[in-house]
Amino acid sequence: MATAVGKKFPNISVNAMNDMGDTFQINVLEEAVNNKKKVLLFWYPKDFTFVCPTELHAFQAALPEFEKRNTVVIGASVDSAEVHFAWLSTAKDNGGIEGVTYPLLADTNRNLSEALGILDSTEVYDEETQTISKEGDDVTYRATYLIDEEGTVFHEGVNHMPVGRNVNEFLRLIDAYAHVQSHGEVCPANWEEGKEA
Amino acid sequence: MATAVGKKFPNISVNAMNDMGDTFQINVLEEAVNNKKKVLLFWYPKDFTFVCPTELHAFQAALPEFEKRNTVVIGASVDSAEVHFAWLSTAKDNGGIEGVTYPLLADTNRNLSEALGILDSTEVYDEETQTISKEGDDVTYRATYLIDEEGTVFHEGVNHMPVGRNVNEFLRLIDAYAHVQSHGEVCPANWEEGKEA
Amino acid sequence: MATAVGKKFPNISVNAMNDMGDTFQINVLEEAVNNKKKVLLFWYPKDFTFVCPTELHAFQAALPEFEKRNTVVIGASVDSAEVHFAWLSTAKDNGGIEGVTYPLLADTNRNLSEALGILDSTEVYDEETQTISKEGDDVTYRATYLIDEEGTVFHEGVNHMPVGRNVNEFLRLIDAYAHVQSHGEVCPANWEEGKEA
Amino acid sequence: MATAVGKKFPNISVNAMNDMGDTFQINVLEEAVNNKKKVLLFWYPKDFTFVCPTELHAFQAALPEFEKRNTVVIGASVDSAEVHFAWLSTAKDNGGIEGVTYPLLADTNRNLSEALGILDSTEVYDEETQTISKEGDDVTYRATYLIDEEGTVFHEGVNHMPVGRNVNEFLRLIDAYAHVQSHGEVCPANWEEGKEA
Amino acid sequence: MATAVGKKFPNISVNAMNDMGDTFQINVLEEAVNNKKKVLLFWYPKDFTFVCPTELHAFQAALPEFEKRNTVVIGASVDSAEVHFAWLSTAKDNGGIEGVTYPLLADTNRNLSEALGILDSTEVYDEETQTISKEGDDVTYRATYLIDEEGTVFHEGVNHMPVGRNVNEFLRLIDAYAHVQSHGEVCPANWEEGKEA
Amino acid sequence: MATAVGKKFPNISVNAMNDMGDTFQINVLEEAVNNKKKVLLFWYPKDFTFVCPTELHAFQAALPEFEKRNTVVIGASVDSAEVHFAWLSTAKDNGGIEGVTYPLLADTNRNLSEALGILDSTEVYDEETQTISKEGDDVTYRATYLIDEEGTVFHEGVNHMPVGRNVNEFLRLIDAYAHVQSHGEVCPANWEEGKEA
Amino acid sequence: MATAVGKKFPNISVNAMNDMGDTFQINVLEEAVNNKKKVLLFWYPKDFTFVCPTELHAFQAALPEFEKRNTVVIGASVDSAEVHFAWLSTAKDNGGIEGVTYPLLADTNRNLSEALGILDSTEVYDEETQTISKEGDDVTYRATYLIDEEGTVFHEGVNHMPVGRNVNEFLRLIDAYAHVQSHGEVCPANWEEGKEA
Amino acid sequence: MATAVGKKFPNISVNAMNDMGDTFQINVLEEAVNNKKKVLLFWYPKDFTFVCPTELHAFQAALPEFEKRNTVVIGASVDSAEVHFAWLSTAKDNGGIEGVTYPLLADTNRNLSEALGILDSTEVYDEETQTISKEGDDVTYRATYLIDEEGTVFHEGVNHMPVGRNVNEFLRLIDAYAHVQSHGEVCPANWEEGKEA
Amino acid sequence: MATAVGKKFPNISVNAMNDMGDTFQINVLEEAVNNKKKVLLFWYPKDFTFVCPTELHAFQAALPEFEKRNTVVIGASVDSAEVHFAWLSTAKDNGGIEGVTYPLLADTNRNLSEALGILDSTEVYDEETQTISKEGDDVTYRATYLIDEEGTVFHEGVNHMPVGRNVNEFLRLIDAYAHVQSHGEVCPANWEEGKEA
Amino acid sequence: MATAVGKKFPNISVNAMNDMGDTFQINVLEEAVNNKKKVLLFWYPKDFTFVCPTELHAFQAALPEFEKRNTVVIGASVDSAEVHFAWLSTAKDNGGIEGVTYPLLADTNRNLSEALGILDSTEVYDEETQTISKEGDDVTYRATYLIDEEGTVFHEGVNHMPVGRNVNEFLRLIDAYAHVQSHGEVCPANWEEGKEA
């Protein structure tokens, strides 16, 4: 199947939770199009693991930079909204993510992660019992999507479970794309805002 | 369909060309597994466009860094080997890529790019003539794959046509994955070799 | 589709977590058959909700009674093992289940809950996008299974989300079934061990 | 297939008999919705067996309690209305159920029990004769359904043939659900009306 | 579909009950072939109806005549063995069939009556709910089968519900067929044993 | 497939012949419904056989009795109208049926006998030639149908080739059914008009 | 579908009757091949019609001529062997065919006439009742087949119902074919034995 | 498949040629119906063979007889109109058919001969190459059709390749059919116009 | 579908005729491979048309040139061998091709022309009659094939009906291909033997 | 599949490039029909090969001759427009095609070459991986199409990779067809404008 890049982001609403304990629904495509914002959506495998938190804190720390670039940050996993809130309420020292203020998608029914093809499971058919089961935990890889104000995906990146992300690289990609948006030119490699294109 | 991450890279041989004008076949999976090397495979849309060359030169400049990391660099597009050679023989000042020494895949029959799902075309069926045609030029997005010594993909990144890549980010991802390989730990965000994990 | 009662329990292995933070696999059918034990398996919708814990504590409190009856107690939800451990490590006063010693299944890939038909979601097909999505959170109802030493289900009970269970009723059902097992007679209504049948 | 819990009860009319020898039709869903009553529907395998009667008498004895809770009691098996009447006319001492006043469904064509999935038979296909036959007597397990005033099932319990039911447990479940209906809260385990929730 | 006449009787075992309360299995085909007997199998709609008993008593009264003709008599309905026994134990004055000594098939799963095509129900498909249900009570018409010592059906008669049978007519049919068996001639109409053929 | 009893008789017109040599069409269903008559339709295997005639003569002799009961008698075989006339014109002494005045159906195309399932042939598929042929002569068994004034079949009887019919039994069945029609009661076994029901 | 000419005659056995009243089976193909004879097989619509007999008598009269040419004559219709015998026993003056000595096929099950495609009926499908019935009497046209000693058909002629045949024309066709068989030349039009070819 | 007799002739237009070298289209069905004429259509295998011409000349010689009977004569083969003209222009002494004045169908695309089933080829499927080819030359047998003024076929005759036709026989068949048309009687065998029927 | 160029010529045997009147079979593929010859196969629409002959004479005149180049010339149309011979026997002045000595394929059954896709007809399906017929005469375009000694097609050219061929161009193509065969170089445009490549 | 000759050219728009570096779309069919011009469309395998250029220069040199004949020349390959421009900008001495002024189609998505069936690849299905891949480079053979002012193809020629074309032959074919267009006659072989037809 083809990459999500160059197409509209899937038009799917997902449960979400924030640090206030509010439960609500987010449709990423509408978030971009209706608010004329860019969106950075990043997925991680599971709540309450000890390494992931560093990524969530790193995105939190960079929030002002994303805002400067008219970009909304949204985190996502397949854990429930209740679990998200429990983690958001756990102190950083205890492996929690207290202090994170951007919303977290609770894609428990995998509607969105399935559409994006970023789950780590494969369906296997058992001839004997004539049933289909899943091999793997059915949680998501570390996938990141950059979506523009029209809802079009302009970057898709997927890291294997143990490989963390570099927040600055996403800022660079947003700058590069914004440069193309305003200057209508193809962007050179390694280009960074402020440098000569 | 699911991402390539976490699975073996497709077992497909593709024509390739180098700066000596040699035509040969490269099977990326075997390149990794047989030589116990990591592979960075990067795709660009078309030869003889004026911006792409900067990416190809950037990868060339960073070649020693990739070699230090036991990593082979391979470029790829759907142009023919003859066209690759013509471009490799064109001076940088004339929009060419003279000086590039890593091989370029010539995936004219799209066997590999189709398997990876990175072509910019969609099949459309014309009811009246009962024929299938392709919308779009059927060339590849700027997709990058990092493959480990077992042939498993540990990073997949796809940029929309006009968004260039950052070579340093791929060095960082390789370092992060190598760190996990030797230390067996999950790698924190923004981590870079030499920093504390 | 037919009830699970009167048939062997599904032969499926599921991730599990206990209060020691150990991750392991449980196959409920083998748990019963290999150890010649009865099994009580109970499902609840989600970790970190504020009412459910009372059920988990109630089963913990009754554990000696189940052991007397050669019965293993297993809890289950679709949350991950990591989330189970976080909850197991949270004090009762904070809405946690600290003190629970029986294992909890982490059926993240829904292999077992799907086989039992106890998820709250329904598949809906969207004509326009030709995709299937799930309506509902895809978490389990409060379902309880009593399985005998041969692996045959002799009771299946499903409560709607907000309706809690009565632990004593399951002890009574186990006694009634055990009475039939040793006396070969059909058991009268409201019968309880010690009363005249 | 999924449990009946959380969905509307099947919209099916079934023959019924009462102690007056009247034959009529009962649609359980309409019974609940049209009369704004809860319904307890319980199934037993066969008329004229010697143990079942105790269950039927127990439900009869508890009838005032069910009425207090705005709940209609209906019994059901796959025997015919004529057989029900013969049993209703047989004295308790002779293994009959004389004195039972709630109606009994006569689901001879299995329309309802098939829809609920509570029959003890499995279809087997004989390759040689190319015919489908049923293994098992095609009678129902001891299944119980609690249905609310909207027609939604809020409890489904199935016992293997020889395991009798506890009438008080159903009163407790109705109370718990009624508590949720009026207080809008999730009900703790082992909760009983009058206790603190 | 074609009549059962001229073919082997279906090779199907069915539960049966006799006046001793014994439960056993009868395979009508084997009953004929293994014992080198003719079989008269008669079906009636339901136990515990007030008119049917006269038929069952009539066959009982004629039993010596059937025995003289090497013919086994078997009754059958879709009621359970338990119900058969209750009816067999009910005095004739109370609408029972006390005194009947031939066995009664309890075809609760309809395996045999379905194969013979003598059930009064029709399957109807509900477009809206996509379910199949049965119209009619799914009980049998008054069907009678005469089977010879090879298991071949030589008479099939089906009466609508309210039309009773004439036992003498079946004796006449057996005599006529026996006459053909020993004389090898076609039997004239209205022929009776003792008359000139 | 199900018996014809309890359903409308098939709505099919068939060629017919009478003793005047007239060729016309009979639709048995309309014969009953339009004329508000009962119909007795009897089938025999073949014209010009030596035993059958006795049946045809027997029905002729009883014609006044059938008329008294508002019942039309129709004979039927798969022979042509021309053959029927030849047989009707042949003297009884020569094996003919001269004197028969009721009409005879000439179901040469088997439209009606196929619908009733009373032909003695079975289709066999020859793998080698990929053709279907018929085993057996494709003539009818001795089948008899009693149809009421609404066109509903209330008796179906099928005798194997050599077994003749008893005309009085059909008079009895008609009387029994007429008794039910006017008295609305189920008819006892061996019942005959004039006896106590 | 293609004509029977130029192919082997269908390998099908059919009941037959002769003037002695013997019933036997004839396989036309074997009749030709095993006896090294030519065969003339002619079909007519129905026994006991008043015009057909002239054709049957004409073939009888020409029998010596056919025998001279090593040719067996066989008649055929879809009437039964019994009807054939009745007709064979009826005097010519009464519309019978007394005196005919060649055998008559009784293709009651239409196995052969169906394979030859010479029946006058067409299958029609009734949408409403979902049944297939036949339009037409399902009797044969006046078809004639000439078969050589290898079983190959060398002439097929079909006349509409009312058009009689010319026996001499078949003698001429046999002579013409025999001429080709011995002289290996193509035979001129209007050619007759004795004339110059 | 069924014979063409008793049905309308296929409604198909075919190229034709006459002795003037005119190319035109003939629709045999319309030729009959529109002009209220009978049609004799005869097929032969191939132009420019040395024996066939005698048939074509024989039909030419009998043309006045056919005209007297209101019958149009048409010849036909699968050769092209150009080849027909070449043959029509070749002197009789050179194996040509100079002098023939009736038209010749040029059924090069086999539309009509395929519909009549008179081609000598069979389709064979080659498993290996997955292609269908034809065995045989795909030319027509010597088939003759007599069609009445309504377009209904009343005679179909097919001769194997080497067997010539008898023109007088077709005159006889036309006379016989015309006799039936005007006298409404079935025509005796060997009947000829002028003789007593 | 793909062109025949670059693949083996179809492995099909076809009837053929030469100027001696001999009928034989030619398999073009074997003609090339078995004799280690090149083959030029040219198709024309129909025999006995007035313009085509010039092409056939032109190929005849150039025969020595083809022989010098180890090339066999074969003509082909869908006319029969008999027609070919008639044309071969017709003087050039009368529009014949007397003097042509190379063989002519008689592809009457279109096995080869169908496989090559060079027939001028299209299949059309008539909804009403549910039959497939052909639009067009089903004759071939002016197609030419050059086949090498391995049986591989190295040129395919198809001209619309009225456009004649240039024999010299085929000699040039053969020379060009032969040059490549011996020199292993790609051949320049307009190249001719003797010129500098 | 059938040749393109005799049918309309496919109605497909393709990217194109000219020597000015303009990118635009060409629909060959509309080019012919809208401008009332003939079109010569020629395909070659790949840009930047060393022999092909001679063909492209030869067509350029003959451009005035094509214009005289109201014929547009268009080149085509599956290379991209950017590559075409790079080649158009490369001097003849360096293997470029500088000086070519007719447009070049850039059929990168193979929509047109696929429809014409002139690609050198074949699809192969890999049983093991259940994927389809292409064998061959998926580039075009040297195919040439001549299209008239109605858009109908009147010549199709395909040369194997190494066989160059003769520009004069296409001029001759255009003249021959134009001659037929104005004179309505079939054109003799080897005919050239100015010679006698």
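Residue numbering begins at 1 within each chain, and the chains themselves are lettered A, B, C, D, E, F, G, H, I and J in the order written.
Note that in this section a contact is a pair of C-beta atoms (placed from the backbone, for glycine too) under 8 Å apart; a residue touches a chain by one contact, two chains touch by 3 or more.
Because the structure is a prediction, the values reported are computed rather than measured.
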**Report entry** Starting at subunit A, fewest touch steps before arriving at subunit J
**Finding:** 2
Report summary line: Neighbour overlap between subunit G and subunit H returns none
Query raised in the report: Whole-Å distance, subunit F centre to subunit I centre, using C-alpha means?
Result: 72
Query raised in the report: What is the distance, in whole Å, between the centres of subunit I and subunit J, each centre taken as the mean of its C-alpha atoms?
Result: 24
Report task. Please work out the Cα centroid separation of subunit G and subunit I, and write it as a whole number of Å. Result -> 49
Query raised in the report: In whole angstrom, how far does the Cα centroid of subunit D sit from the Cα centroid of subunit E?
Result: 33
Query - Junction residues of subunit G - those touching two or more other chains - result: 49
Query raised in the report: Quick one: do these chains touch in a line, a ring, a star, all-to-all (complete), or other?
Result: ring
Report summary line: Each chain touches its two neighbours in the ring; listed from subunit I on toward subunit J, they are I, J, B, A, C, D, E, F, G, H
**Report entry** Touching residues (chain side subunit G, partner subunit F) in the complex
**Finding:** 11-12, 15, 46-49, 78-80, 82-83, 85-87, 90, 108-111, 115, 121, 129, 131, 133-134, 136-139
Query raised in the report: What residues of subunit C sit close enough to touch subunit D in their complex?
Result: 1-6, 49-52, 54-55, 57-59, 117-120, 122, 141, 143, 152-169, 172-173, 176-177, 180, 185-191
